[in-house]
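For reference, chains read A, B and C in written order, and residue numbers begin at 1 within each chain.
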Amino acid sequence: MLDFGRAGTLDPGGASMLKLEGVSVRFGGLSALSDVTLSVGSHEVVGLVGPNGAGKTTLFNAISGLVKPTGGRILFNEVDVMRTPLYRRARLGIGRTFQIPQPMHELSVRENLLVAQRFGTGQVDRTRLDEILDFTGLAGKAGCDAATELALTELKALEVAKALATQPKLLLLDEVLAGLETHGKRRFMTMLKELHTAFSVGILIIEHDIETINALCERVAVLNFGKLIADGTPAQVFADPAVIESYTGAAHA
Amino acid sequence: MKTGHSGALLGLLVLAYGVVPMLWGHDPYVMSLLVAALIIGGVALPWALLGNLGGMVSFGHSAFFGVGAYTSAILSMKCAVPVSAAIVLGGVGAWLASLVMLPVLRLKGPYFALAILAYARIFEIIATEWSGLTGGSGGISSIPTVPVAFGFDFGSKLGSYLLILTIVLLFACAYWALRRSHYGIALRAMRESEDATRVVGVNSTLLKSMMLFVSAFMTGIVGAFNAHYINFLEPDYAFNGVWVMLPIVAAIFGGYRTIVGPLIGAVVVYLVDQLIFKSLLPSGHQLVLGALLVAMIIFSPRGLLTLAQRPFRRRQHA
Amino acid sequence: MTELISQALYSGLLQGGSYALIALGLALVFGTMRVINLAHGELVLLAAYIAYTVESSYGLNPIFAIPVALVIVCLTSVAVYFLVGMVKVDRELNSLILTYGIGIMLSNAMLLIWKADVRSSSSSWFQEAFVVGPLFSMRSELLFFAISVVILVALWWWLSRSWYGRALRAVSSNRDAAKLMGIAPAYTELVSFVVAGVLASFAGVALYSYGVIQPAYGNVLTVKAFIITVLAGVGSIPGVLLGAILLGVAEALTVTLASSALQELVGMMLFLLVLFVMPSGLFGAVRRRG
């Protein structure tokens, strides 16, 4: 069980590693994110929930650098990263997985991690690579072609492994459990529970399953139509009528 | 490296450095054929490198060839730069030319290929019009040859052969080292999954730029060497489409995914073209080359030499 | 000075008509098959050489070459289509190299048959000056501009009204959806190659009638067509016409104000300028990944 002995979100050692201040993203006439203010501490596990299309993946894209916000600020360890290019954010410590796994083609699993480690940290540490392979359960598949020889569970594990290889300080997990069957889900849950202590990362995790959020996260943020409508402990948030309404729709009000 | 491969490579080296000079070193005709073939190979290899590692197919390598040639010729004639240094500077000149092409990198596939072609035409037109510097369409003549060094005349036919052979082999080594390096691994992944590499910290734009630089530099050196070998340059020659076509045919014939493929392809294709096709069709012999290219793309896009290797590979995996 | 410039504008405008035909042929094929036919310029040149043969060997006005050119060039275009269809691996890039090779075959074949000399029409009827106010042109220039406009209008009508035309546009925008609706992409691709051949035929005869040709010119034509496609965006016929006129005018102005040697340079510069500054083309959307 994760240790939540430290109270609140501000940790004297970590402070707020990631700070989003009034971040907005517009695509043409569509407002994908409006004025989102959120912070994640360096040792926190924060859940990000909301109905489909609420803007969760867009938020991840903005943080990792795939999308440029039209307003607001993104501070990572007190540094404004809005102008920092995608690849440099990875080196700064922002790691990210994709909902639909994107392995590096024409490379083996091990090579995937090697590239991630070499370019994400500037060095190669084989022992650490092996540790990550073990941790994510990919040790047996290290030599397999990443794009063609892995099952879905393994591809998802590779997503996490790749991100871990860059030695992130912040890990953005985008629906890693989606599409997995029960056995795979259970294995992943165990892995996710140990992730944040084993690798000292702050985690921001998008998931749909409330049970998962309850089990993993000490805090939850809720997005709806691009706006942040709640931010607190799981107990607080899931009892909030606004949150319930966003999931069930006004028809049930 | 597999033992079968290193044995074959050693054999080729012995053949190239030992047997060939012994048998034909004093035959100017054979030597000139081989030098020309190796020059083609020297463009085919960087072309293939750009395609394989950089993921970019270029129809404009004649730009680098011509710029390298002119840079070296002008420096050696107007600035009294020694020929060997001028050749290297020819490579630098081609590298500078590629800097201008950087914005084109973000284009994909056909747009890149044709944009580079546009650049090649631009450089050719500049070379023709800026006659004060380049001698215009009349060209430059009496370009100095490579001098004697360590008691050996590198300007002679045999000397030129050995020099271009060494240059090309050095390129091959550089290519091999690059491919095995971490950059090479990242570049391999970048072909089909560039975003995945960027998300883990790979500066994909920088890596691709470096491949363009390396390819340009190598081609420029070969162009420069050629200028000092034939001692004459004019825009129509230096930027001719043949420096685009022959290397492409050579690389695809020999297998553009391998390192030695383009080189072996160049020797075979050039010799066959000069000895057989040209005697059949003196004025349209390139037609056969075009047909060969078409046939290869349809039936064996990975190159004809790789076809020959297949039974060999099957045994290894058995 | 203004007379020179307005004359250049006028000549450029007239030239734009043929350029538009050439560019459209390239764009249609690219739209349906995502393949740039690097041999397209050679198809145009083939039509031009057929016009030359009709005039020099049979003494007829090159206009009569059009039916012959239509048959031969369309057949060649269809042959290219079948060859492209045989490319299995790495379609997009390999077909580039394939059509490049076909282009080399065609230009060398033309070199063999018609030799390297520069040719142009000797028809006096064509070359007679036709004056419109202060602006002058050869009769052939004006005639073929009119023909080009008629063809462009007909093509526009056909693409927007007929079943084939709509199928062509459907395959262009979404191949899989088109298949689901019962459209056979292969058939529409074939049609686009045939239409490209038709356009090339007219452009080629026009080219011979008021310009000069030689076997190496095919490459230049393909590049010009590509430049116009990028200028205009692979979207609209009016856009292509405007882009073609823009190129024609830019070239004419360069010849008038600077020198004829820089003519090609201006096209290249325009091309690069648009690629970097306005990647969606001037009038439409250029589909580029990444």
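Here, a residue touches a chain if its C-beta (ideal position, glycine included) is under 8 Å from a C-beta of that chain, and two chains touch if they have at least 3 such contacts.
What you are looking at is a predicted structure, and each value in this text was computed from that prediction instead of being measured.
**Q** Line, ring, star, complete or other: which describes how these chains touch one another?
**A** line
**Q** Any idea which chain sits dead centre by C-alpha averages?
**A** Chain B is the most central one.
**Q** If you average the CA atoms of subunit A and of subunit C, how many Å lie between those two points?
**A** Between these chains, centre-to-centre, one finds 52 Å.
**Q** How many Å are there between the centre of subunit B and the centre of subunit C, using C-alpha atoms for each centre?
**A** Measuring from centre to centre gives 32 Å for this pair.
**Q** Approximately how many whole Å separate the CA-defined centres of subunit A and subunit B?
**A** Centres of subunit A and subunit B (C-alpha means) sit 46 Å apart.
**Q** Indicate the residues of subunit B shared as contacts by at least two other chains.
**A** In subunit B, no residue touches two or more other chains.
**Q** Considering the complex alone, what residue numbers of subunit C touch subunit B?
**A** 36, 83, 86-87, 89-90, 92-98, 100-105, 108-109, 111-112, 219, 223, 226-227, 230, 261-262, 264-265, 268-269, 271-272, 275-276, 288-290
**Q** Quick one: which bits of subunit A touch subunit B in the complex? Just the residue numbers, please.
**A** 64, 66, 85-88, 90-91, 95-96, 98, 102-107, 111-112, 114-116, 118-121, 124, 147, 162-163, 165-166
**Q** Could you list, by residue number, the parts of subunit B that touch subunit A in their complex?
**A** That would be residues 182, 185-186, 188-189, 191-193, 195-204 of subunit B.
**Q** How about subunit B: which of its residues touch subunit C in the complex?
**A** Touching subunit C from subunit B are residues 57, 59, 103-104, 106-111, 113-115, 117-119, 121-122, 125-126, 128-129, 194, 241, 245, 248, 252, 281, 283-287, 289-294, 297-298, 301-302.
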